[in-house]
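Here the chain labels run A, B, C, D and E in written order, and each chain numbers its own residues starting at 1.
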Amino acid sequence: GAGEENSGNETTGSSESGGGEVNIGYFPNLDHAAGIIGKEKGYFSDEIDGEVEFLNYPNGNDFIDALDTGVIDLGYVGPGPAINYYLSGGDVVVIGAAANGATLIVSREDSGIHSLEDFPGKSFCTPGNGCTHNVQLEIMLQEKGMKTNRRNGEVEHQSRVNPASMVAMFEQGQIDAAAAPEPWGTLLVEEHNANVVTEWNEVFLGEELASVVLVTTQEFIDENPEQVEQALRAHNRSVEFAQNNEEDTLETVNDLIYGLTQTRLPEHVLEKAWQRMEVTTETHADALQEWANASYELEFMDEDPDLDGFVDTSILDKILEEE
Amino acid sequence: MERVMITEVEKTFPNKEKNQSFTVFKDLSLTVEPGEFVSLLGPSGCGKSTLLNIVAGLDQSTSGKVKVGDTTIKEPGSDRGVVFQEAALMPWLTVLENVMFAINKKMKKEEAKEHATKYLKLVHLSKFLHSYPHELSGGMKQRVAIARALSMDPKVLLMDEPFGALDEQTRMMLHKEVQYIWEETKKTILFVTHNIRESILLSDRIVLMGTRPGGIRKIYTVDLPRPRVPASPEFIQLEQDIMAILGGEIEKVMKEEMGDDFNSQKASLLYGTDRNMGNHI
Amino acid sequence: MFPSPSGSVQQLYIGLFETGILATALAESLQRIVIGFTLAVLIGGFLGVLLGVSKIADETLGSLVIALQSVPSIVWLPIALVVFQGGAGAIYFVVILGGTWAMTLNVRMGIKNVQPILLRAAKTMGYKNTELIWKVMLPASIPSALTGARLAWAFGWRALMAAELIGRGGLGRTLMDARDFFNMDLVVAIMIIISCIGLIVEYFLFSKIEKKVLSRWGLTNSGS
Amino acid sequence: MERVMITEVEKTFPNKEKNQSFTVFKDLSLTVEPGEFVSLLGPSGCGKSTLLNIVAGLDQSTSGKVKVGDTTIKEPGSDRGVVFQEAALMPWLTVLENVMFAINKKMKKEEAKEHATKYLKLVHLSKFLHSYPHELSGGMKQRVAIARALSMDPKVLLMDEPFGALDEQTRMMLHKEVQYIWEETKKTILFVTHNIRESILLSDRIVLMGTRPGGIRKIYTVDLPRPRVPASPEFIQLEQDIMAILGGEIEKVMKEEMGDDFNSQKASLLYGTDRNMGNHI
Amino acid sequence: MFPSPSGSVQQLYIGLFETGILATALAESLQRIVIGFTLAVLIGGFLGVLLGVSKIADETLGSLVIALQSVPSIVWLPIALVVFQGGAGAIYFVVILGGTWAMTLNVRMGIKNVQPILLRAAKTMGYKNTELIWKVMLPASIPSALTGARLAWAFGWRALMAAELIGRGGLGRTLMDARDFFNMDLVVAIMIIISCIGLIVEYFLFSKIEKKVLSRWGLTNSGS
């Protein structure tokens, strides 16, 4: 019965003061393990004073739309959409991290790509245009003097390939490489004989760059400081649990995925993928800034990004200190 | 009992594409007295239907005005019942519903049904009350349209070749019926027909229309006592007079049409005004 | 990778009777499509009549309709979310937008195609304005309206599938989840469900009405 | 020159909804000799159009068969030209195009145009070659339909009240024209009319149809020399005979319709067979 | 977050004349929509005639059409990608799927609504089968077909916007990128472009044809 409450609640979003309902967004994916554990183990309902609802999203844009309209109050999301939203003037604050790493550069078995130097004339795909993984790979290519076709370069880039489609494109030989989020990178390697071009900790900002952050809005912090703190406590507990109970965590995640899609990821893939990320509350604000700078350098952004005020871990730090 | 006054009416159809307009008639004036029965006769295309539609308020005249009673006609209304040249039945309604459609606004449903059934019986369609229009023959559709107009009991009745598609027996019966209704309720009736005898038989006055240019050619007052006898000398005389004038109209058209081809020999073969040839209808 | 018929049927069975996720999602989506479709038909019918009857409306509002109808659901969605504060209204809004144009344009054309003689006849019987619309124009344009309703139903579903991405459950959401985790069998299972509903509605609603209308109108010549 | 053989034909319209079928006629047999001119006369709704449509191949008979020449009729074909009771013009084609539509398949475009223009001249429509059907009067539409059928020059001509909406002069002219064409080209003609005189004037034989139950009542051979003179005693005698039989048909219908209401006094008012009342059309 | 009119116009100007990304994307999308629309109209017209004429086709193929038409573009896209090996064919496929049903159903109804007497008349003049379709059924169903074409155009655009997500450029792609970076002004700028194209096509194509057809048919009564 996991994931039954993923949807169907028709309550409108709210940000009323203390004791009000709290709506939490997350994605049904491995690097969102913290959120999933918190939901499934009941940490959030335990800690938070008030009703807790979980809503899951298929991509960052829909998550941000939901945050923007108050459908959700806080939740887990990749840093890319959050940064873009922040830079366009949106109200979003990172109050903690959930996982770092989780990007793998892989290539199709007989693509002839074994290192970044092999990329000219080849093609690669990413889940989004200018998404975390896209910037990570492109900046590394740029360091090697390569550009993508977006800027009239020699490497062909296809974006908006959702991770599942990458599998199909690899199988059909339509694409040579991918900057894939976990567990899809590992899935490609384990199930489809893809080559690892760059390990997760070797990619740009590798171990430091958050793959999932916990965000909320300044408005929500101002109006419901207690609930934010309570949520962070629950988050903390979840992260701790995930760090210490790998087997249980993976099973919980897989159960949740099954509850949504009636399919399970192979266990050995999840296990290997788990090694390519770090579940932690530690937020590297400087890594986020560096990533944004790279994004600007690659002309994904029009203006020099300034992430001042984007990350506010003061509440989390306070909790960590208490413990 | 309403007077219909048509004053200096003109009807011109503009034709934007070809940039030439077509004037059907102009400066046409005619007064139909209250309770009068007036027939319109004339060659095909001379504007009889157009005139009727203007009186009905369905077409706008280009200039001039039409008054029914004291009101100037601007739009159609249920005070003027119309039998169209086509049957104009709603295809999604049964025969009964089509007639009820015309009177539903005036009376309650049950009453309307009874009333409609009565008029449908009159035109011999009580076996077909629940048939749809596409299941009827041409004459049957026309009879429904007649029943519909009569059931409305309007003050002015405008009928455009109402009996054209009927066999002679049914037509005869309906002549009587219309005359009976007319005498009882003293309706003002404007009646278009191609049948000279029909017009003499029924009307107080006969308006003869012509074409190219269109308009009224002559108005005959039928001073014969009713019921009229088609075999009487006066009847035959009137018939011949009208025939002669209409014959002249059509000869004109034919000359225009044939132009240089207008071969007098063929013309005399095709066209004659003598009584023997004229009354063969 | 490729969906298999047996796998799809199995997923269908599991989703309906074991995990129940398809059953739940179906119930949610059905409610939305039924309400959305009904509203689309009503609004589209109203707009269609308006555009068909009034030249001024056709030239002003009609242009707006034409300008906006090409805009895809994915663009409307964020706007709807803002307008409806993320509420369920946003989904209905998008579904209605998906279905309304087809209905509007078809009813409009139906109205414009009514045989003038029928309108003229009704006018001489004292029918005017709204009565004329109700009693003559609408009945006469039923065949067109029916096509409009069929399309509204189909495009309503399409829009619903897009709208349900906003995370309030439904088949659209399950569909995308299944796609994201590459459970193609489940994708096919959902397509089967949608298709079956389409067929059921066709046979028990549209087709019944159409047969009745065409045979009444005497338009059954085209068959065989 | 083709013989039309109608053998034991039945036409029944099934009615699934009301679960009762309607038989228009059954066991109807009739042979029209090659080059013969046969008229169909009968009360409205007796099945004249239905019979014509079966011969045209447009309706399927429920049983029995129809042969034209040596071939059994299964489908329509351009060997049988039809003038429908309605005009049946394509609304998107001009008058000229409508006529050309019928002959385009037989000749080149220029030739078709010339040919069509000729026939449109014949029906006095050369001024309206480029008008669309909705711009024509009822009689003008019917004339286009006549021109179209004649221009096709079919072996068999099936005409359903072709002159119903025409004024008497135009009608007279077309009578001559049709007779001329018929004599020249020896077409086989089946002609539906409500006009007894028209049928006597034109045809070799007159087929009288009745209703409830439908079918042929009587067949008259018109043995008068052409051109026929309506005032001749034989003509009048034949007219009266036919009138009497048709009168009987309609009396039957009226009795059925009126049922208990059938008041003999009103009946005698509404219906008469004496010559004076009968020939008033 | 919220788009501003001035900002949108500015983005429009920049995109068209400075960076040129809108101009490029527009050119790509236009080519696709024109080809896709043309094919949708042709295929839809063909299917519509088939379903309108043949009862058997209507009951077999027709059911298939009905079953499949509710399936949204986002589901077709992955299937198309597999079938067309990720080539440009995939985009055309999805656009055609988007527009074809509307055309099909409208032409079908147009054919079914042809006045029987016209078909009968043409048959007695020796017209049969395909000739009958070309010379009578199609001209008679132009008003319906026109509505179908209008809808095919609109839904073709919607499908195109979804299809262009696969990363071969075009306005749909630019639209989504703009959304990803929350450049709402650019989103609105693209909506303006789509709307303007819609209006241009309406005024120079559909509306012209419609006016001509309606006035020829004598159906201009409904105006004013």
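Annotations
In this text, a residue touches a chain if its C-beta (ideal position, glycine included) is under 8 Å from a C-beta of that chain, and two chains touch if they have at least 3 such contacts.
On a predicted model such as this, the values are computed, not experimentally measured, just so you know.
Each chain gets a centre from the mean of its Cα atoms; the one farthest from the centre of chain B is A.
A comparison of the A-E and A-C interfaces places the larger number of contacting C-beta pairs at A-C.
Separating the centre of chain A from that of chain D, both taken as means of CA atoms, is a distance of 83 Å. Chain A and chain C have centres, each the mean of its CA atoms, that are 37 Å apart.
One inter-chain figure worth recording: chain B and chain D are separated by 23 Å, centre to centre, where each centre is the mean of the chain's CA atoms.
Averaging C-alpha coordinates per chain places the centre of chain B 49 Å away from that of chain E.
Each of residues 78, 82, 120, 176, 179, 218 in chain C touches at least two other chains.
Counting only residues that touch two or more partner chains, chain D has 86, 135. The set of chain A residues touching two or more other chains comprises 68, 168. Touching chain D in their complex are the following residues of chain E: 117-118, 120-127, 135-136, 139-140, 142, 213, 216-218.
Looking at the complex, you find that chain D touches chain E at residues 53, 56-58, 75-78, 80-82, 84, 86, 88-92, 101-102, 105, 132-135, 152.
Of all residues in chain E, only 2, 52-55, 63, 66-75, 78, 82, 101-102, 105-106, 108-109, 111-114, 116, 119-120, 143-144, 146-147, 150-151, 153-155, 157-159, 161-162, 172, 175-176, 179, 187, 191, 194-199, 202, 214, 218-219, 221-224 touch chain C in the complex they form. Here chain A touches chain C in the complex through residues 4, 6-10, 12-13, 25, 28, 55-58, 62, 65-66, 68-71, 162-164, 167-168, 171, 257-263, 265, going by the rule given at the top. Residue ranges of chain A in contact with chain E, taken from their complex: 61, 64, 68, 81, 84-85, 87-90, 125, 128-131, 157-161, 165, 168-169, 172, 174-175, 300-301.
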